[in-house]
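This structure is in structure tokens; I'll ask about it shortly.
So that you can tell them apart, the chains are marked A, B and C in the order they are listed, and the count of residues begins at 1 in each.
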Amino acid sequence: MSEATRASVPSSAVTATQNGAVQNGAVQNGAVQSDTNGAPITPRGVVHRGGTPNATLPALVERFGGAIVRHDVTWGETCVIVQRDAVHAIIRWLHDEPSQRYDYLVDVTAVEFREATRPLEVVWHLRALAHRRFLRLKVELPKRLPLSVPSIVDIYSGADWLERECYDMFGIRFDGHPDLRRILMWDSYQEGFPLRKDFPLRGRFSRAEQLKQALAANPEARYSMEELHIAEAFDALPEDMKRRLTVEREAHGDVERGA
Amino acid sequence: MTERRTLEVALGTSGLNAHGQPIRAPLTVQSGQAVALDARALREPEIENDHMLINIGPQHPATHGVLRLVLELDGETVVRCIPHIGYLHCGFEKIGEYRQYNQIIPWTDREDYLNSPGNNVAFSLGAERLFGVECTPRATVLRVMLMELSRIMSHVVWLGTTSVDMGAFTPFLWLYQERENVYNLLEGWFGARLTVSATRVGGMAADLPSGWLDGLRAFLKGFPKTLDESVGMLETNGIWAGRTVGLGAISAEDAVNAGLSGPMLRASGVAYDVRKDFPYLDYETYDFDVAVGTTGDVYDRFLVRVEEMRQSVRILEQALRRLPDGPINVDDPRLILPPKHKATSEMESMIHHFKLVMEGPRPPAGECYVPVESPKGEKGYYFVSDGTAKPVRWRIRPPSFVNLSAIPKMVEGHLLSDVIAINASIDIVMGEIDR
Amino acid sequence: MGLNPLPTRASVTVDPASQDGWVTSRLDFLVNWARAGSLWPMPFGTACCAIEFMSTAASRFDLSRFGMERLSYSPRQADVLICAGRVPLKLAPVIRRIYQQMPQPKWVISMGACASTGGMFDNYAVVQGIDTIIPVDVYVPGCPPRPEALIHGILMLQQKVMRDRFKDRTLHVEIEPDPDSQLYIPPSRIDELSEPFGNSVNQTRSAP
């Protein structure tokens, strides 16, 4: 029988050799600050722009210089915008490189701005637990081109659902994702991608139409073809249910298993 | 006069089988006589090697919300688990783009509804970073108190409902009585029991009413006893241990790679707590420990959460002692409404009030992400602002969403009844998962 | 508003001395009294209201006083469906199916603002009131409603149950939805029930 041990968490040492201005005895590393002993403290006096960047940034510039479009430090957080094609290699390097060790994926999301001409941004939030660093990585996707970025499921297993949600809400395809289908809305949702700016708050259809479509999505149809084949029960289903399921899958394309 | 029929049922059997037992042959009635059905026609199909497809949810008492799990079962053993979520998707992030910052705060209540005050604090921390302000010393300590009370409330629900899932109903009732005590405190302070909208950007919704601190002291005296009683019924209980030890373990590397956080991650042995590693609200000045487990099974998660409740009590006692006097709202006219008596008498204040209410405070263009340690894990709100009163993007980093995505790994190979226990140990809140 | 006082004339007369143990009553009264005193709820709890429902069922605001402590998670053994929490469109067929699985007589309590009208979620994802998909007997407003408010709603439902009469054949008739659209009220009525009430749908200014 295992026991939870009470342990005071030793903070990872943030040494004074990192890029950081020493102010009032505190080492500032952007929004991640430490006192003179290297223990983390609550950040104070975080500046809007022009703070000290993360220690990763110089290493990243040195290794992938050409792929980096620009970088800045907003409210103490280092943000690096990179080329779409280099994203997978960069994240792989950030994960594997011993001096970086970004072993924790915090979030994968996207941002669409209100200006119609501004590109969509796909945002990755990464964290290095051992070095106590936080990095924001972005890729800009112009709207006139197909929205797709590489998937990082092979690096972080936690990216699986996060990328599916990004696809569901924005329509951004993640190349290489094993099972990219909607996760929050139902599979055959027809109104579009909700978090896009051209999608109205109350949806595109009238309320009665929305209800009609929602109620028509039978609970049986919630079983994907994969699940039904597990039970080898597809042949044993009633005829009308089989027809309904087949028609639905054909009408909306089989986006499961990359078909 | 109705016809009466008499059936003669054959009392003899159709013979004995190889074990010397009477052959069971079902009987039916044909032309008034009992006739044995042809046993060969009734042979059951061979199904030992087939796998069953079982659907749990979305409406189910033990899924802690509207979660749907489709399980492929080999007998009682789970071979594969396919979770389906989205049954509580309510468009939070979309609505956030249509509301001013202070107007979004009621939505943060409803999203992780067991941790309402904690969500409010997390939101205010992020929004204040976006505005470039820091809250007052008094508000800082009040927010710490809210976060820890919220942690206790959430873990109490978790412990109560997990006990109910495993058949132990009493801890639920005892712990819910403690929750009622916290509800009384919150209602006295903010007027609402559950969805409090406790903070505002730049401060708090209201200051403490008189006598509130005594109420908190009374709660802190009584709660550890109730917790000890409830946990005492479970900790060394053979049934509880039998149903939780060794179940659903996940290794430290897998947990970090899957992005797990909170007690799920700490039970697997990774000592990552946002309060210690990326502190906020002066948490580094409080004396508390972080519970870290060893194997990452359900029992470890139970112990970690129980210990977290005890540490929260410790933090609350320290916060009580150090609560300073002073204003609760930051002195920034961009954010804070003028006092009511001025707004109704002075023209400038009235215009100030009007503009702040109608247009809302406008932060400079930028983005920020401030994580906090919610009872479920690392919670953070990612704001992107373009200088207008409504955010361009309001992203909720949902700890339960990422924690739940690891359930297929944890559940495979276990029995059907273990699925419920493992699901309960993740401590999910569908409001946060689906948003 | 408020509770109507129960009729004062006694529906049951008991006089053991004179009646030798016989009791007379109307059948309506006895059946309704039995039903109202043991309404087995099916808690269709989705969000925050479900937590307040759990608080109502817990020790302080004991639902057991009303005979409702036996929560039935199988709709086939339940009398009243308490929809506690917001119902998104993805969940709409589920609640419809669960309502259809309940045997008559059945009632529905819509607990909370979100179940009654869609609440603060006037957007693409949420059903604007479950009365657009299933018939509702009692609406309990609040966000979330206090346990006392839910109990008030339950008492109102009990009075409604007491008013049932066998001879009224329109009660407890299963409503069949339209087979094509699956709606049980006309689309125009749904749109009318779901009309927005003025929250901003504009991202760059306050006014709608």
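To be clear about the criterion, contacts are C-beta pairs under 8 Å (C-beta built on N, C-alpha and C of every residue); 3 or more make two chains touch, one makes a residue touch a chain.
Given the structure is predicted, the values throughout are model-derived calculations rather than measurements.
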Work out the mean Cα position per chain and let me know which chain is farthest from subunit C.
A
B-C or A-C, whichever has more C-beta pairs in contact
B-C
Take the average of all CA coordinates in subunit A, do the same for subunit B, and state the distance between these two points in whole angstrom.
22
What whole-number Å value describes the gap between the mean CA coordinates of subunit B and subunit C?
26
Cα-centroid distance, subunit A relative to subunit C, in whole angstrom
41
Provide the list of subunit B residues touching at least two other chains, using ranges where the numbers run on.
86, 89, 91, 94-95, 98, 434
Residue ranges of subunit C touching at least 2 other chains are 90, 94, 123-125, 201, 203-204
Could you check subunit A for residues that touch two or more other chains and list them?
114, 184-186, 194, 199, 201
Interface residues, subunit B side, partner subunit A - complex
50-53, 55, 68, 70, 72, 80, 82, 84-86, 89, 91, 93-95, 98, 129-130, 132, 134, 241, 245, 254, 256-260, 267, 270-273, 276-284, 289-295, 297, 299-300, 303-304, 307, 364, 366-371, 378, 380, 382, 384, 386, 392-393, 395, 397, 401-402, 404-406, 434-435
Would you tell me which residues of subunit B are touching subunit C in their complex?
58-61, 65-66, 86-91, 94-95, 97-100, 106-107, 109-110, 113-114, 157, 172-173, 176-177, 179-180, 183, 193-195, 358-360, 388-390, 430-431, 434
Counting only contacts in the complex, subunit C reaches subunit A at residues 89-90, 92-94, 96-97, 122-125, 127-128, 132-133, 177, 181-183, 187-188, 190-191, 194, 196, 201, 203-204
Along subunit A, where are the residues that touch subunit C in the complex?
114, 184-186, 191, 194, 197, 199-203, 206-219
Please name which positions on subunit C make contact with subunit B in the complex.
44, 46-48, 50-52, 54-55, 58-60, 71, 73, 85-86, 88, 90-91, 94-95, 98, 120-121, 123-126, 143-144, 146, 199-204, 206
